[in-house]
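To keep things simple, chains are lettered A, B and C as they appear, and every chain counts its residues starting from 1.
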Amino acid sequence: MTWTSTDSWILFNTLLVIINCVLPGVFLVLRKNSLLGDGISHAVLPGIAFAFLLTGTRNSIFLFLGAVAAGLLLAFLIEFLQKHLALEKNAILGAVFTLLFATGLVLIEQGARNVDLDPSCVLFGAVEISPLARISIGAIKIPEASIRLMLLLLLNTTLLLLFYKELNIMSFDPMLAKSLGYRITLANYLFIIDVAITAVSVFEIAGSIQTVAFLTIPAATASLFTKHVRNTILMAIFFGILAAIGGYMIAVVIPLNIGVPDTNVGGGTSIMAGIILFIVIFLTKGLKKPNVVR
Amino acid sequence: MNSFFYYNTIVVVSAVSVFGAASGFLGTLLQLRKQSLLSDAISHATLPGIAIAFLITFLLSNNNKSSFALFAGAAVSSIAGILFLLFLDRSTSLKEDTNLAIVISLFFGAGAFLLGFLKNLPTASAAGLNRFIYGKTASLLASDAFIICGAAIGTITILLLFFKEFNLFLFDKEFTQVQGYSTSSIDLLLGTLTLFLVILGLQAVGLILIIALFVLPALAARCWTDHIRMMLLQASIFGIVSAIMGTVWSSLEEQLPAGALIVLSMGFLFLVSFLFGTKRGSVWTTLKKRKQRQEKNVDLLLQSFSDLIQKTPANSIINMLESRSSYALPSLPIIEIVDMLHWSSVQRSQILRQAKEKNLIFRQKDSITLSPHGLSHALRVLRLHEWQHIFVQFYPDHAQSIHQRKLNKNEREKIRIILKSQFPILFHPSINKLQKDNLP
Amino acid sequence: MNTSPLSIKNLTVHYDNKIALWDIHYEAPEASLIGILGPNGAGKTTLIKAILGIIRATSGSITIFDRPLQRTHHMLSYVPQRGTVDWDYPITALELVCMGLYRSIGWFRRVQKKHWEKAYHALEQVGMQSFAHRQIGALSGGQQQRIFIARALVQDASIYFMDEPFAGVDAKTEASILILLRTLKKEKKTIFVVHHDLSSATKTFDHIILLNTTIIANGTVKKTMTPEYLKRTFGSSTTLYEEETALQ
């Protein structure tokens, strides 16, 4: 197999995807809210379906907005139900995202049957086709997807730098934060909005499989042995990059070299992330104590 | 054709109801163990197994699908998922939700990876795979029904058999939360049964919606009760009812996916429970709170006269009560009341208006005076107040349930005697008449 | 003009559909070590959380030096029970202590050297400076307790609230915490401590609040720690105390 510029762009985009996922992902893991990523990935379906039915086009900007709106709806409903019901957070998450997903399925079957709006595309992703739509900037032709990912990265990095200490205090000790006078509820909403925007942007380009894996696994791997949040972020990015490169190898390069059709890159990177996690678990065994098992 | 249609519908409805009962029941137990999303992990973990089974049957026999092989693949792979989950839990410092998310994304990713190799295959076979993810795109058939029904009945039987053990295991005396994974046999049993139900329900409902069947009925039941038996019963009933609703709806709209309609029916029942549930419903609690707050605020207003009342000689008060007038009692400047109670000006005018409507106060420009009726009520409030204080000190062990507990006759007598000796004025007949509840 | 550090009137707090606190009236003395005692579930932690605004009171008023809570956050500091925090979080002891300063540093501003130094100094005050760069999960129970106190110290508050600071610590740590509290008192601070051990309470505190969903008694140790009041607060669990005092 020959390595073309398309391969480079795919890899580059995958790297951008990873870093974008790791930045909010670290805090999702630290706040014990990792399942939100999985929830959002399923909850966006009605947003996309609704946007499609409303506008009749598959123009990605409308689908994007629809998906983000669905993510926000998810966040709002969870907060609302949590406040009134005071029950296990995960149960409420499960209830809301499955209901949203069911609504999405019905909307799709109801209205979009004649046109091919394939939900599996959202799930399985199409990072492979991301380099195809290119825009010219100066003398270089850059895929549109890369530009969007870079803008997203700018957003996430800015937010991280500006609000680093507030993010930490609210994730680590919300009670202290409240007693100091911080507005916790508002901050929570803003954080989830960022997660939703990041997740949806990445879904569109790379599918939801990688997204959920990258929101969680590299950060979890890093947290096995880091002492500082800054290191957790850096190591998570590192593990993510390894997973991306390795994933691309096992999903595309190796199969093509042995004469087998290539496969889903998102799946490959998820598997690599898992392998890296496994290795690190063995290398760091005993560094931090496991949960008390009852 | 008609009789076949009805036969089909009835069989399907029965099977799905039994399944709904089983998943509602099991889902409640899982939720009480704080493992609501175990079904999420299990369902996503089936994907690699399904993909491998698919690959194998495809390569071996060029057969498009063998249900058994797919089930077997799903089972093996989800067992691997659970084992990995346990491993993560016991060998790492990672939290429960992180581990679930890892298993979900990792196994699903592995599944997508394997499935990706098949993307160039004829679509007829790929459609079979899609069904595992999205469920049936049309109504269920009787053939599906028998599998589902068998699985459900088996599960329910086992759950009922072991109910005593579950009960003992989950709770101490009253309703207490229990946290964390455990390798005890009960947890293993719960996990196995969940796996069983998930795998058999997958092809009917799809791997994402199956989660709803374990979560929604349980959540709805929690809006009505906190007692485990009632919870289990209600969750099962909700499961049955929504399964019936969904299936019937689906047979009327044949092109809509059955699973989604069942889940939406569950959502509807949940919505109703959320709005009107007696234990946790939002409409109910809001109304109750508002009523409590109104009563409490008026009582607080009356309470602010307590000092004045206690400074007035007892004879004076008796005179006022007998003659149905309150002239001897000085009026209270509004500023003092506000200072005592720290209400906002909006709240203040609202409460003063309510008190006036109930004929409890007379309002002058800057102060208020108690009406005769108001005086009796102020004394009632004072009595209740002192009663509660005495109660808490004589029965300190029960202090925390003072506002819910109903006392027996001896206890009431005892406190009554003490109260009477301290404040005989509070037992004037006109006040006794005002008593509601069971307070002496 | 009310110059009492803490003034509570008519406080009622609902928690979990039950009434956790009712009819709470209280005026705090200045520069005093005040113990909050009561049986399990009496609402001691709830009271502190309500004062700090962590949970919302149903009715009543709370004023700090005659001003509302919203404007006096910086005057209060809180040492919670140890079990409330995730010890796996990747921060060091020094970083945890520094968190007490975040609000005063303000939005968008970085943590500067002077802040780190202040945090280090607070660690010195509790004898934990050699652990400054240890991840918090690597510390023992008593050490974790001490860095929580350091975090409270760094805030330069006027009123301290501590929830069971002596629970599960060894005698040496307990003694050093006590010295620290007395130093704070000399600096004219008011310190509230939720305490679980009746026998040591008389020796430790100047004032006591006996709490069991409502205030049974409050005042000097001598006035409140009578067998009668204790019986009324603790009910059946006072027998232990009576035995202990009898032995003495």
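Please note the rule applied: contacts are C-beta pairs under 8 Å (C-beta built on N, C-alpha and C of every residue); 3 or more make two chains touch, one makes a residue touch a chain.
A quick note: this is a predicted structure, and the numbers were derived from the prediction, not measured.
S.K.: May I ask which two chains are joined by the most contacting C-beta pairs?
M.R.: That would be the chain pair A-B.
S.K.: Could you name the chain whose Cα mean is nearest to the mean of all protein Cα atoms here?
M.R.: Minimum centroid-to-centroid distance belongs to B.
S.K.: Need the most distant chain from subunit A, centre defined as the mean of C-alpha atoms.
M.R.: C
S.K.: Find the geometric centre of each of subunit B and subunit C from their Cα atoms only, then give the gap between the two centres in Å, rounded to an integer.
M.R.: Distance between chain centres: 34 Å.
S.K.: I'd like the Å distance between the centres of subunit A and subunit C, where a centre is the mean of that chain's Cα atoms.
M.R.: Centres of subunit A and subunit C (C-alpha means) sit 41 Å apart.
S.K.: Give me the residue numbers in subunit A that touch at least two other chains, ranges are fine.
M.R.: 32, 86, 223, 288-289
S.K.: For subunit B, what residues touch not just one other chain but two or more?
M.R.: Correct list: 93, 95, 285.
S.K.: Enumerate the residues of subunit C that touch no fewer than two other chains.
M.R.: In subunit C, the residues touching two or more other chains are 88, 137.
S.K.: Across the complex, what residues on subunit C touch subunit A?
M.R.: 16, 49, 52-54, 70, 73-74, 76-78, 80, 84-86, 88-92, 95-96, 99-100, 102-103, 105, 107-108, 111, 133, 135, 137, 151
S.K.: Using the touch definition from the top, list the residues of subunit B that touch subunit A in their complex.
M.R.: Residues 31, 34, 36-37, 40, 88-98, 100-102, 104-106, 108-117, 119-120, 130, 133-134, 137, 178-183, 208-209, 211-212, 214-216, 218-219, 222-223, 255-257, 259-261, 263-264, 267, 270, 274, 280, 282, 285.
S.K.: Subunit B touches which residues of subunit C in the complex?
M.R.: 9-10, 12, 17-20, 22-23, 39, 41-43, 58-61, 88, 137, 212-214, 216, 231-236
S.K.: Report the residues of subunit B in contact with subunit C in the complex, numbered from low to high.
M.R.: So the residues of subunit B touching subunit C come out as 93, 95, 285, 293, 296-297, 300, 340-342, 385, 388-389, 392-397, 399-404.
S.K.: Mind listing the subunit A positions that touch subunit C in their complex?
M.R.: These residues of subunit A touch subunit C: 30, 32, 86, 162-163, 165-166, 168-169, 171-173, 175-176, 178-182, 223, 226-229, 231-232, 288-289.
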